[in-house]
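Next come two complexes, and both contain chain A; in the first it sits with chain B, in the second with chain C.
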Partner chain A sequence: MAWTRIRKLAGQVAPIWLAVILLYALAAMISPAMLKPEQVANILQVAAFLGVIATGQTVALLLGGIDLSVAGVVTLTNIVATSVMLGSNDRIPLAILVCLVLSLMVGIVNGVLVTVGRVAPIIATLAMNSVLFGAALIYTDGSPYGAAAPAFKALAEGRIAGVPSSAIWWLAIALALAYVLRRTTFGRWVYATGANGRAAYMMGVPVVAVTIAGYALSSTLAMVGGLLLTAYIGNPSLGIGNPYMLSSIVAVVVGGAALTGGQGSVIATIAGAIFITLLTSLTNIAQVSTGAQFVIQGVLIAASVLLYRTLEIGGQRTM
Partner chain B sequence: MSERPTITPQQPARSAGPVLELRGISKRFGSFEALKAADFTCLAGEVHALMGENGAGKSTLMRIVCGLMKPSAGTISVDGREVLIDSPVTAAALGIAMVHQDTRLVPDLSVARNIWLGREPGGPFGLDLASMADDAAALIAQLGVEIDPARPVYSLSVAERQIVEIARALTIEPRVLILDEPTSALDGAEIANLFAIVDRLRQRGTAVIFISHRIPEVFSVADRMTVLKDGSIVGTVTRSEVTHDGLVSMMVGRSVEFAYPPRGKADGEVRLSVAGLSSGSALADVGFEVRAGEIVGLGGIQGNGQSDVARALFGVLPAQGRIAIDGQSYLPHNPAKAIRNGLIYIPGDRHAEGLFMGHSVRENTSLPHLPDWFGLGVISRSRENAVTADAMARFATKAESAEAPVSSLSGGNQQKVVLGRWTAADPKVFIFEDPTRGVDVGAKLEIYRQIRALADAGAAVLLVASDLMELIGLSDRILVFSRGRIVDEMRGEDGTEERIVGAATGVGEQTAGPAGTTQPQPVTKVSTGELFWSRYTGAVLLAALIVVLFGVTSYVSPFFFTPANLSNVATQVAPLALVALGQFVVMLVRGIDLSVGPVMSLVTAIVSYLAVADSGLDTTTTILVCLAVGLLVGLINAALTVWLRIPDLIATLATYSLFYGVVLIVRPAPGGLVSLSFIDTIGAQFGWVPAAAVASVLMYILAEACLIRGRIGQRLYATGSAPEAAAAIGIRPALVRSAAYVFCGLMAAAAGLVLAARIGSGDPQAGSAYTLSSITAVVIGGTSVFGGRGTAVATLLGAIAVGVMQNALNLMHVSAYWQYVWTGLLTLLAVSAYSMRLPRRAGPA
Partner chain C sequence: MKTMTMDRRRLLQFATALGATALLPRSAFADIISEATITGSAETTTGVAKSGKLRIGFSNGFSGNTWRTMALAQMKNEAAANADAYELIIVDGQGDVAKQVGDLDDLIAQQVDAILVIPNSGTAVVPALRKAERQGIMTVPFNLPVEGDTYSAFTGTDPKAKGAILGARLNDMLGGKGKIVAFGGLPGNSYSAGVWEGAISVFAPGIEVLAQKDGYWEEDRAKIIMADLLAAYPQIDGIFSDGGQMAAGAVKAMLDAGRELVPVTGDDYNGLLKLYESNKDDHPKFNIALVSEPSWEGVVAIRIAQRLLAGETVPKMQIISPTEINADNYKDYIKPDLPDGVFVDTTLTDDELKAMFS
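Right, the complex of A and B next:
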């Protein structure tokens, strides 16, 4: 029983984890320093920001949608958090509260546009991203100010047993969400809505509420990713979120989520985020330019869609 | 019987050899044999009915004849010559035309355009619209009806659409015309009209193949009948040598009683009572009761309100009336509420409405019960497993395990999963719709037994079945529907196909339907004004917006309306207009191209290397190289989306990243100095008017002309509006979509050239804003993101509106940063406003 469960689990999540292991082996061959605990911790540290944001993106893709506004949310969070905190520990709760309210609003508006307004998710969230980026520019008038408070920076800079604390935040969030999606009614509703919204509605699932909640979750996690990033960097920076629009999708897609919704897993996205981060640091070691990294990212999106489709011919995966 | 339309028996007009001869046609789908060595012959000037129950293989056989499927074995001969029919185009060339049950028309095109789609008169860029309309009207008149050829097909009734499809079939002067269950959605008068048309065609010597499983209909129209059962031909008979009963026994081939479980006593309490149920034109004052232990069948010709009753009770179709379950008043609102009240509806279309194909049997079984069992909280896996195991055991569901995805199960076992799901709780009222659709015979009996067992256990059961044998065999009581009303009621054991069909079609002449469907509809003529308005709503609204913008801005800033500034605006609009035209064409065929922004940047970078002063290439070569890059980009996008079938959004997101990476490699930071000769050529001006703006406007005029008068326009609208319909006519949607992406790549390159001339250098970020703003320009013009609807003119006005707004805000000293906000907001506003205008589907899609 236990063995079949392990085997089943292995069969379900293997491809991306296998890819992570192979890539790590390759990285270690090129640069043996990659095996040092310090370097591993570094990878986890950098992967954490992408990991949290991609966890939210997974929910949007599971619903059969997409959330391109995560980039704008991350940027705005960074700008707002630093400008509200102004480097003072007392103002941390207020900063977090403001960011939380903002991200919830963004997510709910996205969800309402997609469900009630029947706007295609790609257009709704692309437009929302533009609005958020514009808002960040207007708010700062192009020159951001403020700084993260010392106590806030500890959130991301600390280590627990050698593991960066932002990585611990990330894994805790991802595992909790994986549990919610797999083992609670709400999670099943998300999968059902994404797989076949019409059938879910006919089975009494409140699809509109589930979809809105899903987009709210996506925005909120993008906000959390933005806070961790802010804690790590300590300064405001316009456009800090921009790379995450694409990379969060790449992480989910290499994790094997079906783009049509209803198939995919947050656990696989953890591996996806590690994979992307490893690949980036590998290309850094190889001194590949930023441009080439974008090229690789683009090829990776198309290749993983095709690869997972080929794998599916052998048997449907449910996780 | 007497009031049903009949045609006087007639000898085939021309006694000739067989027009169409099929020998040993077989078709396998995996392990399922849909056709087993079927032979079939059809003569000129005869109406030949092809009969059989649902799933007997009628439609498969005819799809093979008209080139939509390839047979696994067998030969087809036309006029005694063996032929290979590999596409609908070949079939049409041989004179074979088919009118599909679910009509294959393009909703967004007019009647005349639909009729001539794929074989339009006139040149590729000069459709002869006048003769298209005249000939269409003449063809329709030949059929004894009148429909304005200018009307868009989405505004037609089902019967009118069928007429249009027949008219379209007549354009090839068919030798063989196949009608696939043409009467299923028609009322008595419409059926009579159809039969008159069939008779006229017979007299002209056309061989008409009439697919049906309605015996009375077949007797009134057909000369010969061929019966199919389980993929084999049972036999061919002429009308004079067979009786109704004889035909029935050929079709069923077994005693009717044998298959069905014995009826119950049905003497329990009333569980469901319905009174005065009405819904628009679908239902009129329907009332009935169902007792515990009773199965009540809702019968009649499909689409006469039977399914609407089910949907109204389940809360999917808005309706008024008094409903009570176990004496408790119940007001339908949505499925969730129906389920809470113990009323379950099991729709006939399992795949669309009943199952999650990729999910496991366990997940499919427990989904609707989760809130009941676990609230919103944690699911107990052991309870879930136990319930699933129990449901699978009760129905003897064959699956590898409870974790197997339902897509791996056979049709019958899938239906057992659905039944197991709902019987895991204890509902009071079950509504089944075609519970055995797509289910093999063995599983059918099992499902009948289970439905009866549910009733015996005390549930009230409503059965909506298009298969009348099933309805009669299973029901304790049958209510016959016609045009939304109950017109007859009988005990199950008294039910016969003839009585049900008779009641359903016979009353048409005596009572008027709720929506007056029997009265001859006045011919709806559409005026040129209406046509213009329906095509150019978006354009007119935008033109008004632009005028207002002009007015307000000139008032606030006198500088606005000066040649210098207008020239400036035109220079700004030109690249956006060019790229928006490409985006428009892609969105017209249901695609989207996110890569246009980076492609424009890429072109500026290339220009900044090629067209440099002194050492560079000449301007013409530079332009050609850049257009070649655009072509390549388009081909890559087409390859990913069309050939590799990656969803458009993800594919072009991948190429967005790819091309952005390439620009960063080529030109990591703004730089390079574009030669003056390049700037002078691309940035040339006629007076104060930039040549690029003039060129853009000309492109748009050309595009709009092609959309209206070109074959390519017909193909784009058809592919975007109804790809399956386009494919059935022989248009290749894959080719059209590829062409759209290639065109978009070229337009993005052209826009990049104009942009390079404006900024005078290469810049990796130059195009980044254009991905969104090109989409904005398209959608504020009213182009539907679901494809098939939109105009080039409105897109141009969209681009102009965006450009003017930008300029106006600059002049009013509003920070340039606002541009991100308002393009985003404008897009959201436009898309939601336009999508609200589209007809709503029932429930969220």
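Right, the complex of A and C next:
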């Protein structure tokens, strides 16, 4: 029966996609400018920073953990990348390499603290965030210097067929990770570890290694988000990562992931990131005050969690 | 126009000269650093003469941005040059309202002779300042306002007056007519509120404010917001900003969107001056009207404390007159070889700045 097939398919799509469509329709009614191709491109461009970071955050949440150190990783990436690059194209590979090594170290330490050290993820990554922000302050002594190289800026600011290249990076990363999580053994291990770590361990899943790899993935993607953001702004800024600590978690949660682990999807997080960015963009255009923006965001987080709890009977969603 | 900068040697001579002046005529009080004048209020505070090596505490609200770093560096330079007269004890509130109150209590417990403070909250520090005053410690808040009058003396700029100047200059640049967007700093901060109040009081009737947003004094935030505003408003004729970083972010968003640049306001952020320098020829409407927030305010605050501790009488409110930077004089201020993050109204030399930003 075609109808049941459609219903089955619809059941697999996270409700957040419907929310994105509804919010976009509302936004277009309030400001027709939201429909302009430039504005669509603009939203994708800005959503890409949050999107890449939230993609990594999804893995941390799937594992039943959380990664609060993404803010520190973004800030440190921005500071280190600009200071190593010094506005020169030759130094781009070195800057990326240094950031990659740093972020891998951060993720591995987070993972070891959580698994071997048995530190609660919220504490381990919060402590790491504090260390990273402090390190950025010590490294710069409060006076950040350097700039993104011209070729590096093009990496994020360029357009391919009208689509911002940072958005293409984001979608490519998210889709690749979605494939890994759904179709590979590693992916199944991640879901199994998050759903019930003990049971997974009994079944022979290398829980410790999977968790460490998951945190490394989270901080590496936060680093990539930080690089894209750096390419967009071009300058170092000590406060640049701050907004992403909470918004990355919000994007994953409105995408339907459970904070208890084992449930959620990277594809739904794409919609979550678009939803949050769209909401901010709409409140910017619709003259909503910053205070009201915070209230709306808070209400939506609570509402979406309530909604997903009610829908939980709907079973496993894959998109 | 007089010479723009005064190096530290000249500042020192000036300090010595002041020290030699036993009594300053109250109404004519004028302190000069750079080319700014400092206007003293009629209300005064008389200090208490202390002997021996003095201890001056400075409770910095936080230290996470370039302006604060530069302010701190200038205060340390001043203290190093006067190491035989006093010791400067610096504590950092790390952006935390409660930690700063604790810091102030620590300084009081250490029985310092004077406390300088840039408050994280203009209300939360009041009880601590009152406690200090009761124990005979001189208190000199600066840069950001403190509620009430429980302090010995205050120095800083007047946000409302700055806003009125920026508003008037934006009027002039736009010929009294145009659609503008506005940026303030952190949500709910009293400085941005004061600047905006001053600005809207002078806007010509032809100025239409399309949007007023919080840009957190950060380029990235302002650029992202401006990209949205550009989509929503096909015509934006001017940008009002109380900080140069946000003006720079907004200008970059316009460049990305391929829009013609328009007049902007801001402060002495080097990045904005560089943007103006490199784009003014391609964008004939691009113009700047800026008022600096001098990062040497802390030096003035130290000297006020010193004078109070010499038993002198000083004006209670010492307001630093705004220094304007515009298309005609920006070349005197721009530092092309230094990073965007530098605030150019400073007593730090280019060499000192280069050493800091490396």
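By our rule, the second predicted complex is superposed on the first by the 302 of 319 C-alpha atoms of A that agree within 3 Å, B and C clash if a C-alpha of one lies under 4 Å from a C-alpha of the other, contacts with A are read in each partner's own complex, and residues count from 1 in each chain.
We adopt the following convention: contacts are C-beta pairs under 8 Å (C-beta built on N, C-alpha and C of every residue); 3 or more make two chains touch, one makes a residue touch a chain.
Quick caveat, the model's predicted, so the values are computed rather than measured.
Peer 1: Just checking: does A:T185 make contact with chain B only, chain C only, both, or neither of them? Give me first, second, both or neither.
Peer 2: first
Peer 1: Pick one for A:L137: touches chain B only (first), chain C only (second), both, or neither.
Peer 2: Both chain B and chain C are touched by A:L137.
Peer 1: In the superposed arrangement, which partner chain does A:L86 touch: chain B (first), chain C (second), both, or neither?
Peer 2: Once the two structures are laid over each other on A, A:L86 reaches no partner at all.
Peer 1: Quick check for you: in the superposed arrangement, does A:L171 touch first (chain B), second (chain C), both or neither?
Peer 2: In the superposition, A:L171 contacts neither chain B nor chain C.
Peer 1: After lining up the shared chain so the two structures overlap, which partner does A:E38 touch, if you call chain B first and chain C second: first, second, both or neither?
Peer 2: In the superposed model, A:E38 contacts chain C only, not chain B.
Peer 1: Who touches more of chain A, chain B or chain C?
Peer 2: For chain A, the partner with the higher number of touched residues is B.
Peer 1: Mind working out whether A:G291 is in touch with chain B, chain C, both or neither, as first, second, both or neither?
Peer 2: Both chain B and chain C are touched by A:G291.
Peer 1: Tell me the contact category for A:L26 with respect to chain B and chain C: first, second, both or neither.
Peer 2: neither
Peer 1: Give me the intersection of chain A's contacts with chain B and its contacts with chain C, in residue numbers.
Peer 2: Chain A residues touching both partners: 137, 141-142, 290-291.
Peer 1: Please output the residues of chain A touching chain C within their complex, sorted ascending.
Peer 2: Interface residues on the chain A side: 31, 33-34, 36, 38-39, 42, 45-46, 137, 141-147, 157, 229, 232-240, 243, 280-281, 284-285, 287, 290-291.
Peer 1: Touching chain A in the complex: which residues of chain C?
Peer 2: 63-66, 68-70, 72, 187-188, 211, 213-214, 216, 218-221, 223-225, 227-229, 231-234, 245, 249, 252, 256-257, 271, 339-341, 356-358
Peer 1: In the complex of these two chains, what residues of chain B are touching chain A?
Peer 2: Against chain A, the touching part of chain B is residues 314, 316, 334-336, 338-340, 345, 347, 352-360, 363, 366-368, 370-371, 374-379, 381, 403, 405, 407-408, 592, 640, 644, 646-647, 649-651, 653-666, 668, 771-772, 775-776, 779, 785, 815, 817-825, 827-828, 831-832, 835-836, 838, 843-845.
Peer 1: Under the touch definition given earlier, write down the residues of chain A that touch chain B in their complex.
Peer 2: Within the complex, chain A contacts chain B at residues 8, 66, 113, 115, 117-120, 122-124, 126-131, 133-135, 137-138, 141-142, 183-186, 188-189, 191-192, 195-208, 246, 249-250, 253, 258-260, 262-263, 289-302, 305-306, 316, 318.
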